[in-house]
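Following: one structure in structure tokens, then a few remarks.
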Amino acid sequence: MCGIFGIYGHPEAAKMAYLGLHALQHRGQESAGIVTSDGTRLYTSRKMGLVADAFPPCELERLVGSAAIGHVRYSTAGESRIQEAQPFAVGCRHGSVAVAHNGNFVNVEAVRTNLETKGSIFQSSADTEVIVHLMARSQADDLAARLTDALRQVRGAYSLLVLTAESMVACRDPFGVRPLVLGRLRGGFVLASETSAFRLLDATYIREVEPGELLVVDGNGLTSHFPWGRQERRFCVFEQVYFARPDTIIDDRTIYQDRVRMGQRLADEHPVEADVVVGVPDSGLPAAIGYSQKSGIPLELGLIRSHYVGRTFIEPQQSIRHFGVKLKLSAVETVLVGKRVVVVDDSIVRGTTCRKIIKMIRAAGAKEVHFRVSSPPTKFPCYYGIDTPHRRELIAASHSVEEITQFLDCDTIGYLSVEGLRWSVGDQDGAHHCEACFTGDYPIEVSDHVRERQLKLVGT
Amino acid sequence: MCGIFGIYGHPEAAKMAYLGLHALQHRGQESAGIVTSDGTRLYTSRKMGLVADAFPPCELERLVGSAAIGHVRYSTAGESRIQEAQPFAVGCRHGSVAVAHNGNFVNVEAVRTNLETKGSIFQSSADTEVIVHLMARSQADDLAARLTDALRQVRGAYSLLVLTAESMVACRDPFGVRPLVLGRLRGGFVLASETSAFRLLDATYIREVEPGELLVVDGNGLTSHFPWGRQERRFCVFEQVYFARPDTIIDDRTIYQDRVRMGQRLADEHPVEADVVVGVPDSGLPAAIGYSQKSGIPLELGLIRSHYVGRTFIEPQQSIRHFGVKLKLSAVETVLVGKRVVVVDDSIVRGTTCRKIIKMIRAAGAKEVHFRVSSPPTKFPCYYGIDTPHRRELIAASHSVEEITQFLDCDTIGYLSVEGLRWSVGDQDGAHHCEACFTGDYPIEVSDHVRERQLKLVGT
Amino acid sequence: MCGIFGIYGHPEAAKMAYLGLHALQHRGQESAGIVTSDGTRLYTSRKMGLVADAFPPCELERLVGSAAIGHVRYSTAGESRIQEAQPFAVGCRHGSVAVAHNGNFVNVEAVRTNLETKGSIFQSSADTEVIVHLMARSQADDLAARLTDALRQVRGAYSLLVLTAESMVACRDPFGVRPLVLGRLRGGFVLASETSAFRLLDATYIREVEPGELLVVDGNGLTSHFPWGRQERRFCVFEQVYFARPDTIIDDRTIYQDRVRMGQRLADEHPVEADVVVGVPDSGLPAAIGYSQKSGIPLELGLIRSHYVGRTFIEPQQSIRHFGVKLKLSAVETVLVGKRVVVVDDSIVRGTTCRKIIKMIRAAGAKEVHFRVSSPPTKFPCYYGIDTPHRRELIAASHSVEEITQFLDCDTIGYLSVEGLRWSVGDQDGAHHCEACFTGDYPIEVSDHVRERQLKLVGT
Amino acid sequence: MCGIFGIYGHPEAAKMAYLGLHALQHRGQESAGIVTSDGTRLYTSRKMGLVADAFPPCELERLVGSAAIGHVRYSTAGESRIQEAQPFAVGCRHGSVAVAHNGNFVNVEAVRTNLETKGSIFQSSADTEVIVHLMARSQADDLAARLTDALRQVRGAYSLLVLTAESMVACRDPFGVRPLVLGRLRGGFVLASETSAFRLLDATYIREVEPGELLVVDGNGLTSHFPWGRQERRFCVFEQVYFARPDTIIDDRTIYQDRVRMGQRLADEHPVEADVVVGVPDSGLPAAIGYSQKSGIPLELGLIRSHYVGRTFIEPQQSIRHFGVKLKLSAVETVLVGKRVVVVDDSIVRGTTCRKIIKMIRAAGAKEVHFRVSSPPTKFPCYYGIDTPHRRELIAASHSVEEITQFLDCDTIGYLSVEGLRWSVGDQDGAHHCEACFTGDYPIEVSDHVRERQLKLVGT
């Protein structure tokens, strides 16, 4: 779970990248990085923390040039180190090159082992570094060909931006699992994980980068390539369920709109007699609105989100009930006391946070709590870049709905059906989405190594 | 606009103050301070910035003792300097004393001049320092008497916490304009600007500190005094309109509930044919829900608030339309395009931000924009501690509703009536509130000096 | 032990103060502060740490104006807090005023108590704040008169700089115990604790500020006052022994020169058969040169000082012999092995560091160690601003030379005589110096309060 | 110019590395790094700045394990970036490996190009990274063999420490140009650039690592290898002239002693009628002592070095004469005025600083200035790791002694002869030293690429 941004042909490329990354900040808060090109060489800056803190004015001024790529990284199960921050920038026989990457390669271990056998050395645990090695070893003449050479050897879900002194390349995996969109800003081109970045910059949205497409942006403008032919798109439905920003547009639909539909359908599938609908802010709010609209049960803001979350707090020794959740959320008592409450959230992963939220709602006086989830049970891990835990940790993988109901201590629970989800996102038979986390149907074959790595990461 | 917190008789007083201040962070983000007492001496820490950043573990550990007061300060028109941070702590003939203060004295200039004539020196521009001087000059034997002596010489709206090595005093101005509540935590007592701080700490709410009440907390427990008799409460209605946190409880009502009622009444007073109701997040959301409930027009989240606002961003030279607003808010196009939109916000001060928001909504394709304000026109400055600009800057002070409509470029505008506001907060004739910013009826006489100071601050 | 600097009438007053303070950095490393005036108001900046770290370019640019005073503060037995940093700047009936102070008032407790009785409040434990209070309470019309009023009520050793929006005042106590010199820089005037600050700035040295002199610098130039008549100078001889920088000029003599003479005389008074003379760097080097010159015993650098001292180091659990001393000094074995070594240092205070140094020299193979001290035994505490410990801690106060020899584990020890010291600094009968730390003859009467305070500070 | 430190078999390896690096801090102040091993994996920390600032307690605690290597880096002509900081740590087919390196490879460009052609990617411009790549590509079974494989492909002057989870390897180039010494600390082994690090840690010096020796330290103790047979040592004489710490021991002689001998010989070779000998602190002091001893002209400290140098200072717009030099050095006037002064320094590189120092001495009133240099004219660049500028910049490369005398504005100048230098360091015919910077006789062949790189770096 990361965000990437690229710009080519703009006098203030670094500043635009910085603002674009801010608009993608929800995709990763652990580290931020920008690499720029002035046509001759690359300038790199990578820092831990949020975009606004990572790039003070003097740092942005150092990043000269009219082309830039940027990256925000999510904190994953791996180590939190500056070495893992992207873009990854190195020198090689083809000159300087930087890569920003959102996604995961499913055969990365085998490729990495093979590279190491041939003498490659690795700075980080990132998949990105593998791509750079493969490109460096390619004998091809131009950047696009070298990137194609490299990608031919890996399998996975990815959106990539590559920057050299002279040009920029953007590409998206053949199934288009991870998002990437193309726009124009004045004379130049912009690329971003989500359209939200374009809106902030006043850039004009052109279109999605297509699944399997490889775009070269250089002094000659834009050239499009499809090195592996064209394939059906299998877009990650979890972007629509949870990850993307509500104002982001996919297929001419806003994410917000899809989420409201999920809530509406959920009301159809799991109706209940109740007094009030409450969404878990912020991600559960759109579905709560949909649920309220369809069911006629009034919506209220029964849970309030602090604006100052995301920071680490010192816990007193005399422990406080639901401490972690209360730093982030507070219950509005008058909305809940004596009420039959429908609580809507986007998904249940481990169930531990949901359980605390429900306890808090009950402590505020709710008479009944009916939990409604605007996606199907999350039963399978994601190997394509969403940091869901391994199957053993997914409560829905090993527990029945009844058992989950009991664990969460709610009166009823209702998950959106797979069909309901498909209807909500306008994909009748699910043919255009990756729904693996719900169905176990992985469009891209996953190696055992990757399954084990996931297991190991969770184990620590 | 500040938040204060006090605790007496708790083994982790500093940590509790730190968490209590976090729950009051919405009342002030410029600086944070904590002073503790270990029964013998005081320990002080004051920093610029947010509570979570200001107090790393080593700093909290330095703040030993079982009593503490804390303060969060809002950025006002005055200078942003560490000297202005509170609590204000000094030594005087009566020993060490620290004061945390929320509010404003309306005769502060005269008192300060008088003190200076007598030889007092001043570190800061804060009203708080005046109180400390007056207490230091009192001949009275005990802390409560000295504080009473001091307060007798000032006039204004205030909630105060005073800490010495041995005891803590809390007091509230005779009209109870500014909030202050009392609770229990294990064996000790807690005081806070809002009940939201109690909820985070698992403290039990006892009651409001009453208008004009002075509470002494020491080894003998709690003693209540009313040095100036009892008076009718005139609570700041702007706390209910905008400033307080939605989950905070005043008079057994949550602020959220009052705001929903404001929206409901607004729908009655200013109905309109429209397709969708949109609240300006976060403060406009509850009234938008009320408006939707009463009008039957569906509520949608047409504006999304970034979680990463509050930070300063570098603006590019090639300017971006509505830059400041877009860093904070984004429009969800599918909700707005082609629609007749009711936009609900809590108040209009200068009108400049509203104007940008409306432009952004129109740019997203709205056909009509009907602006609804869940409070009456803000025509008069506040001299009691809310940082509204001087009257010249208040758009409603000098412009008719038609002119404002034109300036904001909306189709219609509707303000809640004063009667509507009174109904919403359950104060039929407005006798129990200060509504001066809406009516110009100031319960506490304001000196010309203060009016001029306000003018001067705005002028710079 | 502090350093002060003032400048009036220079377009880059803050930058000059910053460089001047750097040249006085040896007088205090705990905190640094600068206050400037632009003719209308004062601008203040005070920070913990070294001058170069405390004032980044943006901070210096904020300090506008053509007049400035600055201060560097030594870490004393009291608390290390930003509140104690100087210059001390406040507002009072006479407007804004800032004071930088080097020295100590011996009746400060009585004056402070009296002020507190009258209602004064105190931010810090600094004597400086007392002066500001006294000035604020003065009814006099002009700054010089107010300062005179204030100083009339205190007794002690001090050099002071006072800055208001319009003018600057410099003054020195009637005995001239603490140093203060006057110079010119382009059209303006400069004042500093030592001439070393003038040398860095290319300022021209004019003369010392005379004992008891009060100089007013304003738009009319320089005016000199002697509010308490003229008195004999009693300059602190410890400045010459240890504290001042070697290149500083006092009475047309460099401090370096005086120290070489101390070593020469020491060789006469305490000759010894030895192979090599070694100075304890850096303060013992000049006397070591003098000792070598007079005795004919060759000088060698047997102890090397690290350039990176002054920083705090983490000590391992497996303790290291002489850890604290070895971080700072290293022995050069070939100089010491098998040799009879004369070690020269400027003074012995507690004796604990000397003891470690001698152990280190013995560990390097020295056959004999003869310790020579270029000042008399330090038997009495300083109440005038040099941070020597209380008498109980001064090894020479309670131990005979034989006992000290034994404690230090050296073969012989030799202190310079009082007469020798007088000869070295060219003051035949000691009439022009304060030698209280060696003789117990305090030129300014010391109150019991101050003696007790010293005791208490040391006790903690 | 860098310093390296290694320790194996100590419970507080990171803390020992931290202290050892502090004792080597004079060898590099730009960045500091430590890598530790706990037997299973490596822990890395690299920071810009001084050792004491780079490793706060929490950082040292993170660096667990009983083996460690560390590095301090000098600021060279290349870029100052965290990527250039060492030790360099990566993963490869042989597991994790870290390398700390002092020195330079003279055929690095060719090797790097060759590696890039084979697909290697580079993070930094450091020679160290080349070694890691070569080791990663080696097919050999054990670490020592892989390092031998790697070093067989490069040519240069180097001292290296390599750390893996299980073992540590130390090695020194066949000519022993760069220093490396071996010691014991409790049960474990220590390695360092200079013995000064052992002294601080109470470690026992065993011997130098021999030229061409490769030492393996692991659970089995110490094993010594000489993969390329034994060769004559050609130790860098500039370490003795300038770079090493005076208390460091080489061949049972301290550096200090050698420098005193240089001064003595210089007095023989270039006598002059004069009144006083002054050393340029700190590096010129030992030779000044030697000059004084032999000539009988008295030594004085005519130049004083600030303890607070090394920091960057803001220069005022109204420029100050000799600003850069005066921040660091001050002249003691009474020592210089009217005198014929012999000034002793260790070397002249560009001549610009010397020129300022001489101007300052003349401004202080010196009648004559005789400059004496305790090494021969520096005519040739160093390709083996000392950061001397390219030949074009070396004043002695292009100017006669007369021209230099004129440029420096001194009365006479006298350089130590090559024979004098050899005599001083006890190497009669210079057979055991690299004296290339003085003689142009490079013991290790230098490729044109390296000569050009040097040229390019200087050019920028």
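Here the chain labels run A, B, C and D in written order, and each chain numbers its own residues starting at 1.
The criterion applied here is as follows: a residue touches a chain if its C-beta (ideal position, glycine included) is under 8 Å from a C-beta of that chain, and two chains touch if they have at least 3 such contacts.
Just so you know, these numbers come straight off a predicted model, no measurement behind them.
Asks: Could you tell me which chains make contact with chain C and chain D both?
Replies: Both-contact set = empty.
Asks: Counting only C-alpha atoms to place each centre, which chain is farthest from chain C?
Replies: Relative to chain C, the chain with the farthest C-alpha centre is A.
Asks: If you average the CA atoms of chain A and of chain C, how far apart do the two points sit, in angstrom?
Replies: 61
Asks: When the C-alpha atoms of chain B and chain C are each averaged to a single point, how far apart are the two points in Å?
Replies: Chain centres of chain B and chain C, defined by C-alpha means, are spaced 49 Å apart.
Asks: From the C-alpha centre of chain A to that of chain B, how far is it in Å?
Replies: 37
Asks: Going by the touch rule set out above, which residues of chain C reach two or more other chains?
Replies: None at all.
Asks: Show which residues of chain C lie in contact with chain B when the two form their complex.
Replies: On the chain C side, the touching residues are 90-93, 113, 116-123, 132-133, 136-137.
Asks: Under the definition above, what is the set of chain B residues touching chain A in their complex?
Replies: Those in contact with chain A are residues 11-12, 15-16, 18-19, 22, 25-26, 50-53, 55, 57, 60, 186, 196, 199-202, 245-247, 249, 253-254, 256-257, 260, 282, 285-286, 289, 293, 298-301, 304, 306-314, 316-318, 320-321, 326-327, 330-335.
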